[in-house]
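Let me give you the structure first, and then I'll get to my questions.
Going in written order, the chains are labelled A, B, C and D, and every chain counts its residues from 1.
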Amino acid sequence: MDLQQGSIKDLWKAIYNTGDLHHCFNCSTCLSGCPASHGDPPLLVRNLARKVILGLEEELLNDDTPWACVSCSKCEEMCPMDVKPFEMILAIRQWQSANDETRVPPSIVEIYKRGYTQAVGVNTDLRDKLGLPELKTITNNPEQLQFFREMLMKTPVVSANDYMFGG
Amino acid sequence: MTKFAKLSFKKDELNKELSGFFKGMLENGAVNAVLAPMAQPKKGVRLSLVTSAAHTAQVDPFAPVAAVSGAKIASSLTARPSGRKVAMVLRPCEIRAVVELVKLKQVNLDDVLLIGMDCLGRYENTDFAKFQEQGGTSESFLENAQAGKTAMADFDIIGACKICEFPTADNVDMRLCAIGAGNGTVFIEAVTKKGEEALDKSGIKSGESPAGRDEAVKKLVAVRTDARDKKFTEYRAETNTFEALADKLSACINCYNCRVACPVCYCKECVFVTDTFRHNGDQFMMWADKGGMLKMPNDTIFYHLTRITHMSLFCVGCGQCTSACPNDIDLMPLFRTSADKTQARFNYQAGRSVDEEQPMAGFKSDELVEVTGQVK
Amino acid sequence: MELCLFLGCNTPAIRPDVERAIRATMPVLGIDLVDSDNYVCCPAFGAFPSTDIDSWLATSGWNLSIAEEKGCDFVVQCGSCYSSLRMGREHMMHHADKMARVNELLEPTGRTVTGKSKVRHVSEVLYKEIGPETIAGQVKKSLKGLHGIVQYPCHTLFPSEVVGFEESARAPKGMRQLVEALGATVDSYSRELQCCGGAGGFMKSTPEQAIEFAKTKFDAILDETKADFIAVSCITCLMHMENVQNTLNKRVGEERYKIPVFDYNQLLALCLGFDPKQVASICNVSRDSVLSRI
Amino acid sequence: MAEKKPTGTVLVAGAGISGIKAAIELAEGGYKVLLTDASTQIGGILAKLDYQFPTDHCGMCRMLPMVGREYGSQYCMRKSLFHENIEILPFTEITSVQGDGGNYKVELLKKARLVDPAVCNEMGECIDVCPVEVPDEFNHGLTKRKAIYQAIPHNTPKMLLIDREACTKCGECVKVCTTNAINLDAQDEVETREVHSIVLASGVKLYNTREFEDAKSYAVSPDVVTSLAFERMMSSSGTYEGGVIKRPSDGKPAKNIAWIQCMGSRNRRQKRDYCSSICCMFALKEAVLAKEKGGPEVDTTIFYMDMRTFGKGFQQYRDKAVDEHGVKLIRCRVQGVMLKPDGSLEMRYFDPETNEFFVKDYDLVVMSTGQIPFETHKKWADLLNAPLDERGLLATEQYSKIKIAGKPGLFICGSLMGLTDVSEAMSSGIAAAGEATNFLTTLGVDILKEEEIAEPTAHERENSLVSVALCKCGEKVGADGIDYELLSAELLRYRGVGEVNVIDSICKAEGETTTNDILGKTKCNRLLVGACQPFMYRRKLKNVARKAGFNSSMVEIFDLFGIARRGMVEPSVGDWTLRAAREVKSDIERLKYKPALHVSTLPINQTALVVGGGIGGMQAALSLATRGVPVHLVEKEAHLGGYLGNQVEHTIDGLAPVAMASDMKLKVFENKNITVHLNCEVEKTVGTLGSFESKLHFKDTNENTYLHHGAVIMVTGGHEGATTEYGYGTSDKVLTQAELKKGMASGNIDAGGLENVVMIQCVGSRQKEGRHYCSRICCMWAIANALKIKEVNPEARVFILYRDVMTYGFFEQYYTKARTAGIIFMNYSLENKPQVEMVEGNPVVKFMDTVLNTEIELPADMLVLSTGVDPEESNQRLADAFGVTLTEDRFLAEADSKWRPIEFQKVGLYLAGTAHSPMPLKSVIMQAEAAAQKAYTYLSGREVHTAGVISKVKDALCIRCQRCINICPYGARSYDEVEKCIVVDPAECQACGACAVECQNNAAEVTGWSDKQLMAAIDAKLMDDLLMSTAE
């Protein structure tokens, strides 16, 4: 890999602009206990940090592994350099979403549409059977839902991809 | 590749042929002197230092006798060097002793052309006299001994030679090769560059090499080694208790002849003649008190054990100790059996190489950890 | 004490019996629950936190404003909701600019957020606020004789300074003591602190490896413990640990993995005498072996 | 009459090895030392260690003085320390300090031991009956001890004490104690002492497995131990008595052992962003020893981040550990340890070499735990009103690691400076003693004067008649011990005995009076004293005897109490009075034939020769000169200052070597005691401690001068290494770190225009072919240069290609700072060195990135090479001139890499700085100070005595085989080519006896240990049964 051609010097600022990132000294603590490092391809947090620091844009854009993270945050707990690897993973996802519409998680469309990832307040049979009270959900409150949607529409990824949200 | 010169000789002319070689060396300045076994005016063969070419006629290197170890003579000649070049014709055991003495700075080989002769054994001094009386010559000995016939009517070569696995010499500049040379032939082999130069200067033409030598040497070594191992087993069984050992040494009179004869017992003045062993009368009385009696002289076994601790690492098995004993104590196997063990422990072999450091001659903190108990 | 119940998405929609259990037990233990009207997704880490800070924190802010309006803290069962809300709040609390931006976004909706309401996990409330001893005192039906193992929700442990409430996130004790308070014996095993692996994209992106990862945990449970049940305190753990067992059984071709999984609140409700049909009826791994012994 | 000046007194707080070393040095210099330790015993961490690399032995005794040893302490340092000028106060805390340097009032809290060591007979019955068991902290809780106990199992005297917290005051121990040594109600004592100077040597607190949060992820079982606990598991006095290493949990042999490095260190998250310096070597050593103890089937793995083998010989040791012993090194910090039901410990790691994850089970996991310095520093700062620096550490003077800033008379040494290895502990201890001495000489205080007692003539040729004095040691010996009457009667009948006297307590005043009376009347000419602990009383008793007219070599002291005590322990085993008689008779025999020992005073030329005029050399010269010692300072170049002092403006830790050197030059030239010799080298030196003659050769004029001096300090320095690798020399875009530094300083290199800069570390270093060592400073240099570039041009990208980042200790902060600044560190391995190609005049660096496991191509505007430090090529000539040796790497070889780092085997010769090995400037200065102190001990004007017991040559017996020369480990023997004989240097000889063993006919003999004596002694032992039976 040619670092003159294939790397953007300040990419890290675009992705994870914290002083924490640069403290990484590749000790591999984040790898040792990571559940998603069992995956194929494995999630290798240490390598992600290196890619961000080196500014390997292509590689990072095409990397699926940040999405395999189980968000357990054990790496965050154990990182001796306080790089906050989980936050870095979220930052990489955000950057990917911002730069590649195919990365935008469908769940946000779901949330935009009804407030939840699940059909809360729609299928209420189960709840009724258990004698649970009716929930005051946003799904069933058009005014609040509208507020919510308008608020989201002011945020970068939703507004940039407004076509996904059915206008 | 070493160089060989073939010397063919007519009957009774072996020594004449050989003397030509030494004469040549002296005359052409390859060396200034020759130390070699020489026939003495009336009888016997002794190492002699020859500086005049005329006297080389008496050389008899293959004579089966060695009245004193040549290593001791080499030490006398070189420990304080004369500055003159000497060719020394020595037996393999003497040369191995020389190698040890070099390490002990008792021999200096700088000006020495070391010539090793093939050795098929030697007789005791008195037996050699009988051998000569019975018409034995070096030629007849070489021929018979190579056929395995060393025994005469009432004597044979000494025990040390019978179990000696070193019939040929290493660490030499030249060799006088008789084993496997064929009847009427000996070879002179130049081993080192120094040897080659000397051979060239001697005027003897080099050429053919002895075809059957390696095989013959190998065979002889095998026979000797078997005999050695057998002797070791026997002797160890005979001396496996302190009492048995004491019995072996009971005839000792503290004459210290064995010590004087031993080529590697190199001290100037032995500890046994120092004040350490000069006791007061009350000391003897005290020892006598302990057991009710005290054999006198009292420290005979101690003396031999001390010699074993001092010398077994250097022992070359020449058998001079046995030869020297006026009371016929066979000391050689005592030294050889213990040397066998002590030298093996350090993966050392006395006389093998000048460059091999003598065991325990340097301070190594990680040595013998099984004894010192240190972790290493 | 009044707490605002944050249910998230999965619990009310898929596992309302857990919600039922919480609503049943909390008042008994002196906690009054108020509902989070018009709450939205926490947001889940895979959603807005993976797209941009604005939408993430705005959504967090939306939710937090509800509790703030009610004047109490959130109590959350779902591990992800708990962690996401706490992290969101943490971001706002430590970055005035972010807090300002959130309020700017919230303003047209008539909401504001200050951070005055905290986010608390239900296990924390039970462990720290009520305490195992009080709970033990309330038990009507004991789990005595039953062996259980506990699954700590990672999201309540790490990073400890953001989400933690245990004395040590590396050697947590809460769940164990809570289950023991119900009379059960809690067995230890080597992989007790291993993540269930159910959250995030691990299971979706590489299911083979995720199942294999979970298998090591279940094999350790089977080999090393006499577990009659698994007590969890996170909706993801609950669903995943049931589903994985069924998948594993299909793989090995026998009913080897069949340890009932309960949310702790369900066990608590059962021990306080509530009707299993109401508080513990929905499951993918049969709970009969346990229910019959309470 | 001059007014009597007070004796210079120094408090050394902390009796670990650095404190002990400082104390010994000061005591040897004639000062009075109070050596305190807060723990119950002395020895510090090293008391727990049986082994140190590279010899993997103890060797602690090597820190004792080598000359005049009969007048100093001579004993196993692991057992205890005895020195007349040192008052040892273990279990003592410093509770307040008033005043300042020259005038300190120190309040000491002497904690009650509840057992009086002066009365205790050390029988240990009290321990047997004590019902309380608690974990033994000495073995890190791996074993138990009683409430009354011996703190260190190998200590002599045993120094029993009672743990007040554990003790239930049941009184069982009091009941069995026959000597009334126990007082359960004893109280702590507070004592105020006045001292002139204070040396802090308390070490630092070490991370453990219990008190720390992040340890909980690892310490999941008793089989996870700290590296110090592991030492106890290996120790012959430890948990397994030196046998096979086992798992503490179930005693199964430990076959798979893993070490996890940096536990508690290099952790920004835990606010411990520093390295603990010594753990890498500690782990390597432990792994090697574990292999040696358990055999090749023991598997040892070290999980590390950077293997910091920065010191002298460290890299070789690492290579040996890996190549010869098969220790595995894996660059991965694991997240935790999992305890499996069978007790094994599972760890999952990522191996960057294979780029794979592994899950492995271990029997034992060792946490390489580091230092926790801040609280200790805070405590001292508060107590002494001393300044702390911005990191929270005691602030030292800018160029010193030893002197506390703004507090003359107050010094630190050892691990308080940051965890140090043995070598640095030694250097710093000596240096602290040196600085304290410097300070004391300005106060006008006095040194302790030895009592002048003339040595009476030894009547060694008279017939021996021995006077035997037997000490009963007060009440210590019980009824089961020795029957003194019977013993006296028996001995009186023995040949050569003139009289036998039983004395109550010879160590007390009454005993001394009795002894004086007896000796005043005696007709005997030799004296044998039976007492307790002969090593403690030897000097005192000899002085008593000397006053009575006995030459001290005609006096012997033996441990009678030891025999008596054995009798009390095992009353059934034989008749101990008979046994004692046999022992005493044997000693009588040895004494009877003992020759007189001649102790001579060495003639000392009180001038020093310092070779090398760099900063270190000037420091050593100035240190000696200001104490009044004339110094010749020799420099081969035309000017002083050396490499650093002429070439390096600034260092990363804020020092300015060039400025410092010019200051020093002024001081040197102004100092009347210093004679500077430039443009010359020492060609040959002959002589021995106190009287050397050196030939100086001046290159330019081809003239020679001869100097006479009593000691030598070699401070020859080094310079940047040369290279032809990586295209160096082919382009001005490939340069060395020094060139870059100079270029930037002079403005010839404009960092502003740089886009990509690549630095390669370890060029030609840390590899078997080339510099087989770490040059220790290159990482710091590279970081300093990289930071400078970033400072000028924040947009530049700087890549540092490294093998291991060697920012040991508190230098770690610069590594962190560099990363914070965006400098990118990328690892490469020796097997996969970077390749450099010139493309259009610019270097392109290709290498395998071990993180991404891909080939990376780095086009650079500038390639900077860290080419390491080379020793001066003049070292070889110097070594030849002084008869010292060089290491394989051509640095000067010190006497002992751990315990005698600044001395040569040959006494009177010292080394410091880069002549020893590459090191940072502050360390150079520290070593130079230490070397000056070592030399000062002999040059201060005090008498220096040779030892009486040394080996000699009986020339008439000597055959000159010279085997004794080869075997002498001290180089004390040599062959005199002129006289053609073997000579012994009495200052060098340590009387080890190797030569005597080697010599076949006793030409080499240790005086006082002749065959005659020993054989008589053996005879006596073999004889006695008979005589005793007739005596009944």
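In this text, contacts are C-beta pairs under 8 Å (C-beta built on N, C-alpha and C of every residue); 3 or more make two chains touch, one makes a residue touch a chain.
All values reported here derive from a predicted model rather than from experimental measurement.
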Item to check | Farthest chain relative to chain C (centres taken as mean CA coordinates) | outcome: B
Checklist entry - Which whole number of Å gives the spacing of the CA centres of chain A and chain D? => result 56
Next on the checklist: Can you compute the centre-to-centre distance for chain B and chain D, using the mean CA position of each chain? Integer Å is fine.
Outcome noted: 52
Checklist entry - With chain centres defined as C-alpha means, what is the inter-centre distance between chain A and chain B in Å? => result 91
Checklist outcome for this item: Where chain B touches two or more other chains simultaneously, the residues are none
Checklist outcome for this item: Residues in chain C with touches to at least two other chains are numbered 170
Checklist outcome for this item: Expected list for chain A, residues touching two or more other chains, is 38, 74
Item to check | Overall pattern in which the protein chains touch one another (line/ring/star/complete/other) | outcome: other
Checklist entry - Okay, in this complex, where on chain B does chain D touch? => result 104-106, 266-271, 274-276, 282-283, 286-287, 289-290, 310, 358, 360-363, 365, 374-376
Checklist entry - Of all residues in chain D, which touch chain B in the complex? => result 51, 55-57, 242, 289, 292-293, 495, 956-963, 966-969, 994, 998, 1000-1002, 1010-1012, 1015-1016, 1019, 1022-1023, 1026
Checklist outcome for this item: In their shared complex, chain D is touched by residues of chain A numbered 1-4, 9, 19, 22-33, 37-38, 42, 44, 46-47, 50-51, 53-54, 74-75, 78-82
Next on the checklist: Taking the touch rule as given, give the residues of chain C at its contact with chain A in the complex, in rising order.
Outcome noted: 7, 9-10, 12-14, 16-17, 19-20, 23, 35, 37-41, 43-55, 58-59, 62, 80, 83, 105-106, 108-110, 154-155, 157-160, 163, 169-170, 194-195, 197-202, 205-206, 208-210, 212-213, 278, 281-282
Item to check | Interface residues, chain C side, partner chain D - complex | outcome: 168, 170-171, 189-191, 223-224
